[in-house]
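Going by the order they are written in, the chains are A, B, C and D; count residues from 1 in each one.
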Amino acid sequence: MSFDKLKDEVLKANLDIVEAGLVVLTWGNASGVDFAKGAMAIKPSGVAYSELKAKDIVILSLATGEVIEGDLNPSSDTPTHLALYRAYPTIGGIVHTHSTYATSWAQSERDIPCLGTTHADHFSGSVPVARNITESELAAYEAETGKVIIETFQGRGLDPLDVPAVLLPHHGPFAWGRTPHEAVKNAIALEEVAKMALFSFLINPNVPAAPKALQDKHYKRKHGPGAYYGQESDRR
Amino acid sequence: MSFDKLKDEVLKANLDIVEAGLVVLTWGNASGVDFAKGAMAIKPSGVAYSELKAKDIVILSLATGEVIEGDLNPSSDTPTHLALYRAYPTIGGIVHTHSTYATSWAQSERDIPCLGTTHADHFSGSVPVARNITESELAAYEAETGKVIIETFQGRGLDPLDVPAVLLPHHGPFAWGRTPHEAVKNAIALEEVAKMALFSFLINPNVPAAPKALQDKHYKRKHGPGAYYGQESDRR
Amino acid sequence: MSFDKLKDEVLKANLDIVEAGLVVLTWGNASGVDFAKGAMAIKPSGVAYSELKAKDIVILSLATGEVIEGDLNPSSDTPTHLALYRAYPTIGGIVHTHSTYATSWAQSERDIPCLGTTHADHFSGSVPVARNITESELAAYEAETGKVIIETFQGRGLDPLDVPAVLLPHHGPFAWGRTPHEAVKNAIALEEVAKMALFSFLINPNVPAAPKALQDKHYKRKHGPGAYYGQESDRR
Amino acid sequence: MSFDKLKDEVLKANLDIVEAGLVVLTWGNASGVDFAKGAMAIKPSGVAYSELKAKDIVILSLATGEVIEGDLNPSSDTPTHLALYRAYPTIGGIVHTHSTYATSWAQSERDIPCLGTTHADHFSGSVPVARNITESELAAYEAETGKVIIETFQGRGLDPLDVPAVLLPHHGPFAWGRTPHEAVKNAIALEEVAKMALFSFLINPNVPAAPKALQDKHYKRKHGPGAYYGQESDRR
């Protein structure tokens, strides 16, 4: 049972978030999953991106969280990734960053409202901010973080593929997708819509959300059976 | 009848908007027209810029919108481009982006006022924001978007070569020019004046528009029979 | 009488302002002067920086403004540069840009106050904004712009080497120095202090100016007989 | 007694702050110390980073401040660095910059509050702004600056390794660490948290500090005996 393809894909996702300017120092990690093999691949903890190789990517059991392959400690955020994959079998890749603007919204404890089509192309409605972790939850901090994300999506009745990102208050964003590559694209889109949302509010503090029908139109141009954006081969 | 030169020109315009930092992911497209041949050339939909080749540029009939040459789907914004070329025979190139600052003004539903000579060198007066698309117009969204732009320019009595850009509310900017290359330059100028306008308002919330005589002086330094900016060979 | 050295120096200054990120499209120009030869060298008008060669730099008579050497039109801002060199024999180089933050202050009609040592190291006191050009002055716009700058410095009792920059309202900055290279450094410093001043006001709308004694201390660390910053060979 | 290793380490730290975008022109300097040899290594004053070589790094006596090795003047900020190493034997490297956002907070005379985990991972609690230098202290400006930093940490009961940075009002930041490399990382983190803190306040002017328990959790994930972030070999 080889994990080489998964490792390559996860390595690429980790390098892509650096290339996209979402990462300062070592603040970020990307993972991918192979449900058939019951395995998750993730960046090792605290390793400089410039030195990261495919062989450094850590493979863990999705069921137990134990390391299957790899000599390094997995990302300290591993339990959060595991919790999300276990809850959502439609997700194939997860990206966590401290990207500047998304993190600023997270620090501000504010949902990012859908102000335009850039947002609507990727996220159906607001990108939600989760609730704060309680003091007692800090003992199993990273696992509880995963639970709080799931609680947020359940409480708001959201499908994680319709809203493929969340903000953790006073921490930063997680984004995901059907593959690690799609998770990277959603993390990039999130940072850009977070930036534009701040600037829009500075230009017009009373800026309304985009009309709901326009939001839906754009989301459906790119997603679902009636999608007509892109080439047929790229469609979900 | 060869479209090679048009394809090269439109390919370059698409790559130039990426090089200029106006594009995130695949959010943007540039087109060009050959009125003599009755044809428009445009970027294919959803194709990564890094892989874009001249042969991927799609050629469509200006009259019918049908694909004349090319194996890929044209940009989903094609009907908007077609509508503009049909209405304005002085326009030879169109650029659509989601560039950060221009999109933030568009999301804010605010015209970009002419605060200085950087703006006046490219745009005569404010860059207008169009009205919102109505729900019933969403059925033919991209074609109606073109109509709304034309309605905006007619309603305000604007010549599209004097104000070579528009903001679509909750969406983003379109810019144009006599050639695809000039459309790119106007898209770059638009993003920069959008950025400066935001910063100017943050410095001085009561900033007045630039004096009208100064605006006209700068616009006419670069445009029209008395222009004296640049080399003679570059003049309109 | 060869102008090769002056052309090289002015070419380098023009390329350095692009390299420093102060220039979008062709919005900017740098010049240098050789008082002994009675000549000024300046960028040609509207030429793309990527194609600029030393032989394109235009040499003009400081006395008459007539072209001595060069096949291209000089920058349309030439009369402003000439006016400044004629008024101030201590200036050897001038840079004009539309750099984002300095232009935003210029558009806002606000002096940039001295909020810290970064500012004080280069500019003694506020960077002044000149008055608006009157409508009747627009007939000889660029020459009058030079006069308005001189009027500003005379009216405020400023030595142009102590405050080597000015903001033209609704236009942008001019910076200068003893050489074209020093003018470039002052243009870079101006853009950075303009940026920091905006951010400082956003953090604290009531931010006071830096204490006057601290301003003077820093300015004198770098300038004048008691300077002790840098290596002896670099001192004025 | 060779200082080659120390010079290499300090050269690298100086180049790294440029690479990280913390430096404009020559505004910044990094130093390192070898307590066993009683020597400090620091950047020479006013030398362009692009020309900086290991042999240009100046070695001074920690006890007397006299130059031991090197042909160039040491940084004018040398007395500040000496004062910090003399007061805090746990510090092995110091970085001074005028990085844009940290300097804007310094100019605003405001502590940077801990708004999130990005901050808490590096700094335990707010990054303090020191008091203004008095006029009489300006005579020995750089040495007094060191004293004011120490006074700030003593007055607030702070361990410089728990809060490895300070803001000097109307001037800019100093950051430090156990090594020059760690000082660079803290200077990078400081700039990023300063940026995020500004944006967070713009999004939500009433943003609360991160919950204290979350701050402590994150700080302790990375520091101290219970740390579990990164690989064992990287731990303090």
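Rule of thumb we're sticking to: contacts are C-beta pairs under 8 Å (C-beta built on N, C-alpha and C of every residue); 3 or more make two chains touch, one makes a residue touch a chain.
Keep in mind that this is a model prediction, so the values were computed, not measured.
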item: For chain B and chain D, chains touching each; value: A, C
item: Shared interface numbering between chain D and chain C [over half = same, under half = different]; value: different
item: Equivalent-chain rotation between chain D and chain A, CA atoms, steps of 5 degrees; value: 90
item: Geometric centre distance via CA averages, chain B-chain A, whole Å; value: 33
item: Distance from chain C to chain A - Cα centre to Cα centre, in angstrom; value: 46
item: Residue list for chain B, restricted to those that touch at least two other chains; value: 202
item: Chain contact graph, described as a line, ring, star, complete graph or other shape; value: ring
item: Chains grouped in pairs wherever the two touch, ordered by label; value: A-B, A-D, B-C, C-D
item: Residue ranges of chain A in contact with chain D within the complex; value: 24-27, 44-47, 72-73, 76, 98, 100-101, 103-110, 132-133, 135, 138, 141, 170-172, 198, 201-202
item: Residue numbers on chain C that touch chain D, as the complex places them; value: 115-118, 121, 185, 188-189, 192, 195-197, 199-200, 202-204, 207-208, 210-211, 213-214, 217, 221, 228-232, 234
